[in-house]
Amino acid sequence: MEFLVRFETRLPDGMDEAERTRLKQAERARALELREEGALKRLWRVPGRRAVIGLWEAPDATALHDALASLPQWPWMDVTVEPLATHPQEA
Amino acid sequence: MEFLVRFETRLPDGMDEAERTRLKQAERARALELREEGALKRLWRVPGRRAVIGLWEAPDATALHDALASLPQWPWMDVTVEPLATHPQEA
Amino acid sequence: MEFLVRFETRLPDGMDEAERTRLKQAERARALELREEGALKRLWRVPGRRAVIGLWEAPDATALHDALASLPQWPWMDVTVEPLATHPQEA
Amino acid sequence: MEFLVRFETRLPDGMDEAERTRLKQAERARALELREEGALKRLWRVPGRRAVIGLWEAPDATALHDALASLPQWPWMDVTVEPLATHPQEA
Amino acid sequence: MEFLVRFETRLPDGMDEAERTRLKQAERARALELREEGALKRLWRVPGRRAVIGLWEAPDATALHDALASLPQWPWMDVTVEPLATHPQEA
Amino acid sequence: MEFLVRFETRLPDGMDEAERTRLKQAERARALELREEGALKRLWRVPGRRAVIGLWEAPDATALHDALASLPQWPWMDVTVEPLATHPQEA
Amino acid sequence: MEFLVRFETRLPDGMDEAERTRLKQAERARALELREEGALKRLWRVPGRRAVIGLWEAPDATALHDALASLPQWPWMDVTVEPLATHPQEA
Amino acid sequence: MEFLVRFETRLPDGMDEAERTRLKQAERARALELREEGALKRLWRVPGRRAVIGLWEAPDATALHDALASLPQWPWMDVTVEPLATHPQEA
Amino acid sequence: MEFLVRFETRLPDGMDEAERTRLKQAERARALELREEGALKRLWRVPGRRAVIGLWEAPDATALHDALASLPQWPWMDVTVEPLATHPQEA
Amino acid sequence: MEFLVRFETRLPDGMDEAERTRLKQAERARALELREEGALKRLWRVPGRRAVIGLWEAPDATALHDALASLPQWPWMDVTVEPLATHPQEA
């Protein structure tokens, strides 16, 4: 099943540069793994914002939650999930 | 997978009484079938409104859409669907 | 450039069945042409609603508007468009 | 009487790991007691968020408030409560 | 248990004067009965609007729904219900 | 004239326990005075939240503001005020 | 006591020109009376809309409601009322 | 002074084709006059919608209202106006 | 041209009492100057809140911005501005 | 392609004066470069706020994002982007 997932990341002002860099690299690495596993299918940037929209595939909302919560920046993300149904033209 | 589904039905003002009665009976009958199939697990009324909240189970959003669209009053319903993930305390 | 487009169609209550059927067929035919031209890349249903989310590609917002307005049901659609920027992981 | 309760927990950034762990364990323990007392009937996770939706049973809103306020993380929760009426199909 | 109930009534434009008058009288009569039964405790007008705010008492949301739905104008009311908990200063 | 007043109090995270206790006692004492003066007529808790709804009586909005601003926790309250008109059934 | 009142008038599409003209004249005449009585102190147009903002004076919300409901176009107005307190700089 | 003006036009379903065509032509003609007078400086389409965003210049909000209300389709437009201040970089 | 201006001031928690007092006095002094210049015509308190509504007069939005930004508390104000057009009854 | 871009800047309370001044100068310098490159075509102030509205031109949303993210104050900006289609009257 596919999901449209929107998230915006706000690292705390007080976090130091080294930790930010480490988090961003860890985030990128985990995102690549999720792509290889087929969980993360597409990713776009919302222009002008520190926000992304992603097209995800997961067996159900529980598996999707686990995938999202495995992202290193998840504790600082504001996430909204929209379930998608197959359109008859694509079935 | 479970979904929380909220819908509010507004039959058009001009619909005659006989058609309303027929629709409501057909609605009830179809809802009972969906309960027996295990798609519709619980149903509550939003107090004061012509609205209900239901707990549904479906393999995915496509199957859920088909179940909802099979309700005879669906053309006059305003429906919102929220995907639910299993809570670790219940897993 | 890609756009995320959400639309919900509400044909007027008074429209007769034949006109509805004709419109839906014309809509499907035009949507297929837009897919072949590469303007419409993916289409999902919002579960429970008469609404779809589409991933569109167009040179700019003017070309996108023209593609959307060429849909036979456009006069009865409520459409919102969100511009998408390429994510560095996909560049 | 049943209530649909939605809450999202945000522990302050400055809280140390030991206190967080202690709070989460105390929370789980109190939630289990509330389940055994029949106050907390079901619990779901909102996918992607640190939020849960629960189905609660309480004699009235005062008793529900006391049950919610007895949760150790309550001072950091944003809670919304929706009263539920029995649906005639379930009466 | 007490509830704060807000409703706004919009009789359809096409309804004739006689039917409006009949409905308003029936509404007033039913409201008086609900006051005598102790279900309706206070009623205020929202200044400038065809809307009222009421303080209701009912054993639970199901009984409240039945009381509200017994009002003759209920089919044309937009109703929202807010559950109230007893404040410790008044317990 | 009556007013429906809703307020939610958020004392700052850094405030120490002694100050919180002192403030809550001072708040309760001032609320009792306002009840005795007839300014505060009823008080309810919004279940699950650190929020209350009150029914207030004051000659006008200026007097109401002064009563609200006399509450010791007022600097940390988010307050909304709704004017109430007498309903003809109660006049 | 002063109130800030915002209203937007939507006469029904089917109302004929003569009735519209009659209503607008009656509206203007009643507004002038309310100015003379001191109830209506200022009136502005919201640019681009069929909406006005008015500064009203009334002993309380009940008297304000009666003044607003005495306007001939009131049945087709959407009205919101905001109570105003005297600012210490003007007391 | 400049204003950002957004409007969306919804001609009533029942309006016949000839009247629509006449209105659209009259609208275009009046818009051209307003451009020549310097009131309407730029006009964009909101992609996917029957809505436009315009950059207008007028001595004040009263003159702007008169310009907008002179558009033949104004009775069916939903208009919002945002005042613009000169940015120091452009002064 | 007149403007309706709403602002809410939130001085930071950490600001000391002396600085608050100094700021409030400076604010009052500047507000008096703006009244004398005719820029600030009326000022009301929103009951229950640290917010005010003001009626301002300025040649255009740029001059209004300069007047508002000249207030000593402006860096901590959340301001919204609504342009007002003259009503024909007052012209 | 043109975009309407709205942004509001909130530098953190703790940032010292020297850093603020440096940032504002760097911001102005970069904005001038973007004007010269033709990316930034117009800029207005939202009266009363630390917010601006800009008319931007970019080949697509990705290029626009890069231009916006090149502004030195971007980490503290809240940005929203609206795509604009050419209006037939201007084509």
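When the chains are written out, they are named A, B, C, D, E, F, G, H, I and J in that same order, and each has its own residue count from 1.
Going forward, a contact is a pair of C-beta atoms (placed from the backbone, for glycine too) under 8 Å apart; a residue touches a chain by one contact, two chains touch by 3 or more.
All values reported here derive from a predicted model rather than from experimental measurement.
Visitor: Considering only chains that satisfy the touch condition with chain C, which of them also satisfy it with chain F?
Guide: none
Visitor: Between A-C and C-J, which chain pair is linked by the larger number of C-beta contacts?
Guide: Here the pair linked by more C-beta pairs in contact is A-C.
Visitor: Need the most distant chain from chain E, centre defined as the mean of C-alpha atoms.
Guide: J
Visitor: For the sequence-identical pair chain B and chain J, what is the superposition rotation angle on Cα atoms, to the nearest 5 degrees?
Guide: Result for this pair is 180 degrees.
Visitor: Between copies chain B and chain C, are the contact residues mostly the same numbers or mostly different, with half as the line?
Guide: Different residues, largely: of all residue numbers at this interface, under half are found in both copies.
Visitor: Can you tell me which chain lies farthest from chain A, using the average of the Cα atoms as each chain's centre?
Guide: Result for max centroid distance from chain A is chain G.
Visitor: Indicate the whole-number Å distance between the mean C-alpha point of chain C and the mean C-alpha point of chain I.
Guide: The separation of the two C-alpha centroids amounts to 46 Å.
Visitor: Mind checking the centre-to-centre distance between chain E and chain G? Centres are C-alpha means, answer in whole Å.
Guide: Those two chain centres are 26 Å apart.
Visitor: What is the distance in Å between the mean C-alpha positions of chain B and chain I?
Guide: Chain centres of chain B and chain I, defined by C-alpha means, are spaced 51 Å apart.
Visitor: For chain D, write out the residues touching at least two other chains, lowest number first.
Guide: Chain D, residues with two or more chain partners: 3, 45-47, 61-62, 64-65, 81, 83-86.
Visitor: Between which chains is there touch?
Guide: A-B, A-C, A-D, A-J, B-C, B-D, B-E, C-H, C-J, D-E, D-F, E-F, E-G, F-G, F-I, G-H, G-I, H-I, H-J, I-J
Visitor: Could you please specify the touching residues of chain E with respect to chain D in the complex?
Guide: Those in contact with chain D are residues 1, 3, 60-62, 64-65, 81, 83-86.
Visitor: How about chain I: which of its residues touch chain F in the complex?
Guide: By the definition above, chain I touches chain F via 13, 45-49.
Visitor: For chain J, which residues are in contact with chain H within the complex?
Guide: 2, 4, 28, 31-32, 35, 42-47, 52-53, 82-90
Visitor: Where on chain E does chain B make contact in their complex?
Guide: That would be residues 3, 5, 7, 12, 14, 61-62, 64-65, 68-69, 79-81 of chain E.
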